[in-house]
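Chain nomenclature is as follows: A, B, C and D, assigned in order of appearance, with residue numbering initiated at 1 for each chain independently.
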C-alpha cells in the first residue's frame, strides 16, 4: 500500500455514519476511496454542494457540476447545491462534522500552518482558514517529515499560521497523534514502524501512553 | 446519502424538553408548522423560550403555546395580532424581547453561520440599543446584536425530498430557511414528501444535511 | 376626497418610474391605488416578496401568497419570492427606493417615533426600524395632528424613537414638509388650508420659503 | 413591472470606467460570465479593482483581465491556478489582497445587506488579522472584516426571465447571488432568457429588482 493510501485508509476510519465531510483538494481527496458506502458519509465541496461523488467518465463531464478545484464531478442521489454564503455558513457554523486537510507544519498546541511559505509563490488560503476554524473536527493528513526529511510536527510552527489550536487529529504514514490540553498524545503507530522511530522523527515531545495501538496492514 | 426518518408529530414533539429554546418558522402563521405546534401543545413541555417573527394569532401558530402557558420567554418582532401575548407580558407571566425584524432574521442567520454577531444601524439611538455594545466602524456607530442559536427548530416545508432537501412556496419561506441552520435539532413538517428528481434540484433552499427528521 | 386619499395621492407623486417601494400596513397601503401603472413601481412586502399586487377576489385567496399582515395578496407578472434574510438585505442594504410609513411623532431633526406608546399595549416594531434605517427615502404619511388636535410635528419627539434623523419627507392632509440640515422646510400646503394654519398646527418652527406650492384638488 | 433591457456585451462593458471596483462571479471560472469579461478586455478599461473568488485560469475568467494589465488590485481567496497573478504581484505590477473564502463571501453579502461588517473567528491569530479591529464578544475574539461594495457586478446566470429574475444551475451559483446584491450596477450575462412561468417561481435566487441589465 502506498504511503498516501495508508494514511487515507486510516483517516477514513475516523469518519462516522452520516457525517458531513469536506476533503481538501489534493491528497485528502483519496480518503473518499476508503469510506465504505454503508457509512453514508456525505461530502461537501465549498464551492457550493453536498453529495459529491466520483469523477465522471471522460466525455460525460457536466461543467455546471464541479468541485472546489474547478474539476467536473458527479453527484449522489439527494445532492444539493447552494451559493458560497450558505456553503460557508455550513462550514463556519459547525455543520461540517470533519474536514481533512494537508499541512506543512503542526505544533504541540495544535496550531496549523498549511497555506503559505513566505517568499515562495503564494496560492492563497482559499477556504482552508474557514474550514479549520469552523469544522467540528480538523483532521490533518500528511507525511510525517518534509521532503528534506525534517519533522513537520514541531514545538512551534515556523510558517504563517492557518489557525490557532485547531487541529484535532494528525494522521501520518508513521503515527496517529492527538493534540490535547496536556500536549501531543501518540495514539497509534503504523505497523511498519516503532514508537522510537516516531519519536525520533517528531520535532517536539510526544506523550506516550501505555496502550499505543498499531494501524495499517 | 441516508434517507431521513419520517416521524409523526407527537414523536417529534417528544424530543423537546422543558426549558429548551425553540425556533418556530412562519410569519403571522403563514409558513408555521401547525401540526408540530399542536403536538408540542399536547406534549405539555414547558418553560420554553420561543423565537418566532411574531406571537402568532389567537388559537394559531405560537399563539397556541403562549395561551397554553408553555412559553417562559418570547423573542419576536411583533406581537400586535395576539392580545394574549401582551396581556401575559403585562401580567409578568411571560417575558418578551421585542427585536427589529431584520435584526432577528440576521441574528438567527449569524447563529447558524458561526458569526460572532450582527453589526447593524437598525436601532441605534433607540430603546433597542440599551445595554448593547456599540461598535464604531469608519466613524459610524453600529449595534452589535448577538447570534441566536437554539436547541430545536420547527420548520414548515412545502416540499421535501426523501433525503430532507427542502423547498418553500412563495411567501411561506420567511424565517424557515435561516432557522434550519441555527438549531441542534431540526424538525421539518412537510406538506409533501417526494422522490429526488420530481422537482428542479436548484429550487431547494435548505440542503438535506441541515434536516434531522421529516414530520408528516 | 377623504383625508387619507388626499395624503395617499400626494405621496404617490413622490414615487419614480421603476422604484422599489415598501408600504407600511394600514394607511400607507392606499398609496398603491394612486400610482399610475405606467410608472411600473414595484412593491415589496418584507415577509418575502417583490411584485405585490391587489387583494384577491373572495374565494381566490392563495394562503402561500400573503403580505406582511398575513393577508392574502396577488402578484404581478415577474414577482419574486425569498426568505426574511434576503428581504431585509434588500431593505437594510439600500435596495428599497422608498418606504412609506405612518407616524405618531416626527421632530425638527427628522427623528421618528412610530412604534410604541409607553404603558399602552405594545405591538412591537416589526420591520419598521429596519425600513427607516435602510430605505433610500423615508416618507411619512400621517394626519397633521393627533386625535386630541395636538401637533405631531414637534421640537423633539416625546415617545420612544424608531430611528434618529431618518425622515426624508412628511406628507399630511395640510402640508408637505421636508427635514433638512437647516430644519423643517414647508414645501407645500394643501389647497384647502393656508401657511398660517399649518404653522399654527405645527409644534415646532417651520422654514417658509418664498415659493410654497399648493397640492391637492 | 418593467422588463429588463437586453444589451450586447460591448454595450455592457462600456458602462465600466477606469478605476472602478468590479465584482466578478465564478469559482475557478465555473459560473464566470466569459462574454462580459471578453468585452471588458476589448474595451481596454484600466486600473480596475477586481473582486473574485480567484485569479481565474490562464486565458480564462478574470485571468484575461490580469494578463491584459487592466487590474490594479485583485481581492481573492486563491490565485494558485493562474501563475500570471502571482508573477504580477511579485513584480509589483498588481496589488493582491488574499482573503479567506468564507470571509470574502460574507464581506460581499454584508456590503449588499447594509451591515457594518462581518465578525468571524476565521483568521484570528494569523496574518489575516494584521491591522484589523478585533471585537471581543462574551470573552471570545472575532475579527471585524469590512463590507465590500462595488461599482459594477458581472454575473453569470443559467436562466433569467425577461424581468431579470435569475437562477443558477448546480455549482455555477457560488459568488454570483451575493455579488448581485453588492454593486451599484448589476450586469447579468444569461445563458437563457425566458418568459415568466417557464420555470418554478421558487427556483430563482436573485430577484429582478437587483438586476439592471440582461446581457446576451
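We take it that a contact is a pair of C-beta atoms (placed from the backbone, for glycine too) under 8 Å apart; a residue touches a chain by one contact, two chains touch by 3 or more.
Each chain and its UniProt protein: A, C = Acetate CoA/acetoacetate CoA-transferase beta subunit; B, D = Acetate CoA/acetoacetate CoA-transferase alpha subunit.
Because the structure is predicted, anything quoted here is derived from the model rather than measured.
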Chain B to chain D, fewest steps along touching chains: 1
Distance from the mean Cα position of chain C to that of chain A, given in whole angstrom: 55
Whole-Å separation of chain centres (CA-atom averages), chain A against chain D: 29
Centroid spacing, where centroids are CA-atom means, of chain A and chain B in whole angstrom: 34
Sequence positions of chain C contacting 2 or more other chains: 81-82, 85, 88, 91-92, 134
Sites on chain D at which at least two other chains make contact: 106, 109, 113-115, 120-121, 158, 168-170, 201-202, 205
Touch-based graph of the chains, sorted into line, ring, star, complete or other: other
All chain pairs that touch each other: A-B, A-D, B-C, B-D, C-D
Complex interface listing, chain A residues touching chain D: 45-49, 62-66, 68-70, 75, 81-85, 87-88, 91-92, 116, 121-130, 133-134, 160-164
Chain B partner contacts - residues on chain A that touch it in the complex: 17-18, 20, 40, 42, 44, 50-51, 76-82, 85-86, 88-95, 134
Chain D partner contacts - residues on chain B that touch it in the complex: 106, 110, 113-121, 133, 135, 137-138, 140, 142, 144, 146, 158, 167-170, 199-203, 205
Chain B to chain A touching residues, read off their complex: 1-3, 109, 111-115, 161-163, 165, 181-182, 196, 201-202, 204-205, 207-210
In the complex with chain A, residue positions of chain D that touch it: 27-30, 53-54, 57, 76-81, 83, 86, 89-90, 98, 100-103, 105-106, 109, 120-128, 158, 168-178, 205
